[in-house]
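What follows is a set of structures to go through.
Note that subunit A is present in both complexes that follow, paired respectively with subunit B and with subunit C.
This part shows the complex of A and B:
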C-alpha cells in the first residue's frame, strides 16, 4: 500500500511552522473566491441586479419615468393576467413556438439524414450542405427584409404563383407566414446538430439491425431515434426557449399586426414599455415571460443532469 | 519568499486588480452621464442629441454649429447624432436615469410624456429670463400653458400625384375634392396595368400612417379629432373621413399590403409608379427624384369634402428642440436654441432639410429655386399646419390603437361606428 505524501504548503516551506488547519482552510477559501470574483462581479451586475430590479418594478407603480415608484403589491399582475391582449399574445406565442419547433425538428432531421446518406456523392453533398445551412448565416434583420420583399403583394413569390396574396398583411395568413419565415430561418441549427449526431452513430448497430431483418423504417425508429434522443431533447428545449422569445423577426415583418394576429409575448411587452411607457406593466409581463421560460429552463437543466 | 509564494501572491493581486477594474467599469457604465461640463479654461461644453445631422448633407449641420461656436466663444457643442429611433431610445433612457443631453431634438409626439416627467425645461421661463423675442416663432408646443418644444423646421405632407398615370387614366388635373379623388383613384386602378389609385400604410410597427394618411383627411376639411383637448373620435368629421377611406378600400383602389406597409414602402410604391396618388412628406422629393428621375409628379393640397371652402389643415412633422431640465448650462443651451431659430440660420437649415422654417421671417432658398417646393410653400401658406397628435400623451400608442381598430374595420370585422367607438374608449383610458 502506497504511503500518503503530505502536500507541502508555501508557508510551511518559508517559515517552517505549520499554520493552523482553520487558517489554512480560510486562506484556501479566500483564494478560490478571489479567482471567481471577476465572474461573480459580472454575473451580479449583468444578471442578478437587472433581474431583481425588474422583479421589483413589477410590484411598483409609475416606475422609471416617475420620480419614485409606489409599492402596489400584485395589482400589476392582476391587471396583466386579466388583460385579453396578454392571453391573445400567449396563445399566439404557443402556436408560433410549437409549430416552429416541430417543423425545425422534422426538416432538420430530414435534411441531416439526407446529407448523411451514402447515396449522395461527396461533391453534391458539400453543395447541398452549403445551401441548406444558408438561412442560418443571415441575421434576423436581413431575413425580415428579405422575406418582406419576397412576400410583398407585388413581390417575387406572388409573381411566381401568379397571385396577389397579401401574405403578411392578411389577418388570416399573417401568423402562418411569420411562423413559416421562422421555420426557414431556424432549421439549419437542428440540421447541423443532428448531422453531427448521426455521424456519431456506430455503423455496427445498423449492420446488426439489418442482419436481424429490420426494415429501413424499423432501423430509423429503433436505432437512429434512440441514438439521437439526447441531442433531440436538448435541441427541442433550447429551441422552445429561443423561439418563445423571438422578437426582432415579428417586429420587423408585421409589428404584431394585422390587428393583433401576430402579437406575441415579446412584442406585447415591448409595446407596454416603449409605446405606452408603462414600465411597471412591462416589467410584470417580462417577469411572467421569465417564469414561463424558467419552466423550460428547469426541464433543460434536469435533462442535462440526467445525461451527466 | 519562495517563487511559489510569490506566484500565489502575484496571482491574487492580479485577480484583485481585475475585480477592481471590472467593478469600476461596471459602476462607471451604470452611472455614465453626459459629457457636458466646464473645462479648465472655463469653456462650457454642451451636448446636443438629435437625429438631424445624419439626415442632412454631410458636414452641413456641423458647419452651422461651428459657426455658433465662433459667435459664442466659451461654448462648445458636442453633437450626439444617430437615427431617429436610436435618438428616441437614448432620450427615454436619459430621461429615466437623469442624464439627458443639455439640448435635445424632440418630436412633438414625445413632448407631453417628457414634460409630465419633468425632464425637459420650461422654455417659456428660459425665454423670459433671457429676454428672447418669441414673436418670430411660427409655433410653440405647449403643455399646460408652458412651452416645452419649439419646432425648428416643419415637414409638410401634401398630396403627390403621378402625372403620367393620371393623364393615362384621363384625369387632367389633380383632384381637389373627395369625389374627384375617388373618381381618379378608380380610373387609375381600372387601367389594369398593376397600378393602384392610392396607397395607405397602416403598419402597427410604425403607426404614423394613422396621422399622415388617415387623419390628414379630417384636418384637410377643417375637422378635428379632439374636443377641448380630449378625444373626440366619434364626431361627424372623423366618421365621414373614415367612412370615405372605407369606401375607397371596398372599391379596391388602395394598393394591397396596407396592414403591414410603412412610410418607406409607400414612397417606394409611388416612386416605382405602382400607385397614382399618395400623401407624403416634402422631405422625400429629392429621394423620389434620385430614385426615379423619369417620374413626373405634382404636389397639391389634400382633397377636402365636397363643397368645403374653408382653410385646409395640412399635416406636418417637426424637428423640434428643447432643453433638458437636468442641464447645468441652461443659458448656453438656450443660446443654441435661439441661434438655430434666428432668421438666417433657420433659413439655412430649412434649405438644407427641404423643410419649412420655424421662424416666420425665414425664407428657404428652395422656394425660389424649385417649382415643386414653391407650389408646396403656396399650399402651406394657404392652409394651416395641422397635427393634433403633437403634444398628446403616448401619441404613438394612440395612433397604434386607432390603427388596430381601422384594420379590424377594413377587414370587415366591425363597422366604422364600432371601430371609432372602440378607439375612443381606448384613447380615453390613455388621457
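This part shows the complex of A and C:
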C-alpha cells in the first residue's frame, strides 16, 4: 500500500515533517475524535462533571436539599474522619473484601483445576462447568432473596444443620454470613478466567517437571502458579475494586445491620444521603471511597501495562 | 507396578468425582431450591421436613406474576432499558474501538488510561451527583435517565474489549477498502463489523447483563412504581408479600431467564470474550 504514494514518503524522508504530512496527521486526529465524540461527551457529562460536583459538595454544607451550599473547607472531612461509624464501615469493608477475594481465588482455582482434569470425560466436565457457573448468572436481587429464604430461622439450612440460628440477624454471625453469600455469588468469574489460563499452559512444561521428578504438589507451585500469576494478580485487583464497592447484596440482606455489624462504606454513604439527607457528609464519604478505589485502580492499570 | 498405578488413578478419579459433586451441590443447590419452591404452595414451603420434589406442584405462583400488571410492567421496563443500553453501547463503543485500534492520534494514550480507570470509579461516588444532575436535566424517574447512567458503566468495558478484538484482526482488511477510496465509516461497518460478530455478541451480552441486573441506580433514580425494574420489583414483592415465598421465587426465576437464555446460547463467545477482555487487557 505504501507503494501507491511513493512521492509523499520520499518527501517525508527528505524534508522531515512536510506540510502535507502534517495535514494528513491533523485529518487523522480530527477523524479519530469524530469517532470518539459520543464516548467523550458521555464520559465528560456523566463521569468528569459528576466527580467535580461531588468533590465540590464535599467542601460545602447543605448541598442538594439546602440549595445554598456554603464553602466550609475541610470541616466535612474532619467530621467524617472522626466519625466512629465511618471507621467501623471501613473495617467491615476490609474484612468483607479481603475474605471474599481470598475465597474467590481459592474456590475459583480449585474448581478450575477440577474442571481441567483429564481424569473424567469431556461431557461430564462440560456439565459440571455449567453447574459451577450458575451463581454468576443471577442478579444480586435474586441472590439476596434466595439466601434470605435459605437462611431464615425456619429455612432449609437450619433444618439440615438441625439448628435455629438467625444467620443474618445475629451480631456475631451477620458479617460472616453476607461474606459467605458474596463468596458464593462471585467465585465463577475467577473460575472461568483461571480455567482459560490453565488451558493456555503448555503441556511440555508439566512433562519436563515430571521427568525432573517433581511431585504433583511441586508441579502446582513451580509450574501452575507461576504460569497463572499475571492472571491471578489481575483478578485479585479487579475483584478487590468490585467487592469493596458492593452495595446491593448487603443492602438487600441485612441493610447494614444488625447494629451496624455489616455496615460497609457504600451502605454507610448511601444512608447519609438517602436516609439522613445529609448530602454534604455523604459526598465527603463518597470522595474518600473514590480515593481508596483509585489507589487500587493505579495498581491495576500499572499491572495491565506491564503485561502488554 | 502397572496395577498400583491403575489403582492410584482409580482412587484419584473417585476423589475427583466426590469433589465435583460436592462442588455442584454448593453451586447449584440454592438454585434448585429456588426452582422447587416456585412450584410449591405457600404452606408446603414451610412444612418440615422440606421436600425437594413438591407434592403440590402448581403454576399458581407464575400465574399470579403474569396476571399482575404491576410485575409485568417491571419486566417491560427492564427489557426496554436493557435493550436500549445494549444497542446504544454497541453503536458507540464500536466507533470508539475502531479509532483506538486503527488510528494513531494525539491523546490516545491518555484516553486509554482514562477509559481503564473510570471502570474503578465507585457507583456510590457517582450516585449523589447523579441524583442532583438527573433532577436538573429532567431525567429523574425516566427511561433515558437510567439508560444514560448504565451506559457510563457498560461503555468503558465494551470499548476495551472491542479494541482488543479489533487489534487481533489484520489492518489490511479495512485499510484496503479505505485506500480504494471508501471512507472510514464504510471500512468499519462494511468490513470490520461483519467479521467481528463473535466479539460484538459477547460485548452485547455482557452489557445486557449489567443493565438487567443493576440495582443501586434503579433504586435511587426512579420513584414511581411504573418506572421500577425487575431487581427492585423482586424487593418490593418481598416487602409486600413477605410470606408468599412461592411468588417471590417465581418472580426470581422469571427475572433470571433472559440472562440464562443468552448465556446458554452464546456461552462460547461469551467466555472467550470475557476472559480476553478483562484479564488479558
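Here is the rule we use: the second predicted complex is superposed on the first by the 273 of 308 C-alpha atoms of A that agree within 3 Å, B and C clash if a C-alpha of one lies under 4 Å from a C-alpha of the other, contacts with A are read in each partner's own complex, and residues count from 1 in each chain.
The rule is short, and it goes like this: a residue touches a chain if its C-beta (ideal position, glycine included) is under 8 Å from a C-beta of that chain, and two chains touch if they have at least 3 such contacts.
All figures in this text were calculated on a predicted structure; none of them were measured in a lab.
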*Does subunit B (first) or subunit C (second) touch A:154, or do both, or does neither?*
both
*Does subunit B (first) or subunit C (second) touch A:64, or do both, or does neither?*
both
_In the overlaid three-chain picture, which partner chain does A:254 touch, first (subunit B) or second (subunit C), both, or neither?_
first
*Is A:102 touching the first partner subunit B, the second partner subunit C, both, or neither of them?*
neither
*Taking the superposition as given, does A:274 touch the first partner, subunit B, the second, subunit C, both, or neither?*
both
*Just subunit B (first), just subunit C (second), both, or neither: which does A:35 touch?*
both
*See if subunit A has more residues touched by subunit B or by subunit C, and give me that chain.*
C
*A:74 contacts which: subunit B (first), subunit C (second), both, neither?*
neither
*Which holds for A:166: it touches subunit B only (first), subunit C only (second), both, or neither?*
first
*In the superposed arrangement, does A:301 touch subunit B (first), subunit C (second), both or neither?*
second
_Does any part of subunit A touch subunit B in one structure and subunit C in the other, and if so which residues?_
31, 35, 38, 42, 46, 64, 148, 154, 251-252, 274
_Under the definition above, what is the set of subunit A residues touching subunit B in their complex?_
10-11, 13-14, 31, 34-35, 37-38, 41-42, 45-46, 64-67, 148, 152-154, 164, 166, 168-171, 174, 251-260, 271, 274-277
*Provide the residue numbers of subunit C that touch subunit A in the complex, in ascending order.*
9, 12-13, 16-17, 19-20, 23-24, 26-28, 30-31, 33-34, 37, 46, 48-50, 92-93, 95-96, 98-100, 103-106, 108, 111, 113-133, 148-149, 151-152, 155, 159, 172, 175-176, 179, 184, 212-213, 215-216, 220, 230-232, 234-235, 238, 245, 248-249, 252, 255-256, 259-260, 263, 271-272, 274-275, 278-281
*Under the touch definition given earlier, write down the residues of subunit A that touch subunit C in their complex.*
1, 4, 28-29, 31-33, 35-36, 38-39, 42-43, 46-47, 49-51, 53-54, 57, 63-64, 110-111, 114, 117, 119-120, 124, 128, 131-135, 137-142, 144-150, 154, 156, 159, 184, 188, 192-193, 196-197, 231, 234-235, 238, 241, 244-245, 247-248, 251-252, 265-266, 269-270, 273-274, 279, 282-283, 286-287, 289-290, 293-294, 296-298, 300-301, 304, 307-308
_Residues of subunit B defined as touching subunit A within the complex_ = 1-2, 4-5, 8, 11-12, 15-16, 18-19, 22-23, 26, 30, 89, 92, 95-96, 113, 117-118, 194, 202-206, 255-261, 265, 274, 394, 396-397, 400, 403-404, 407-408, 411, 413, 430
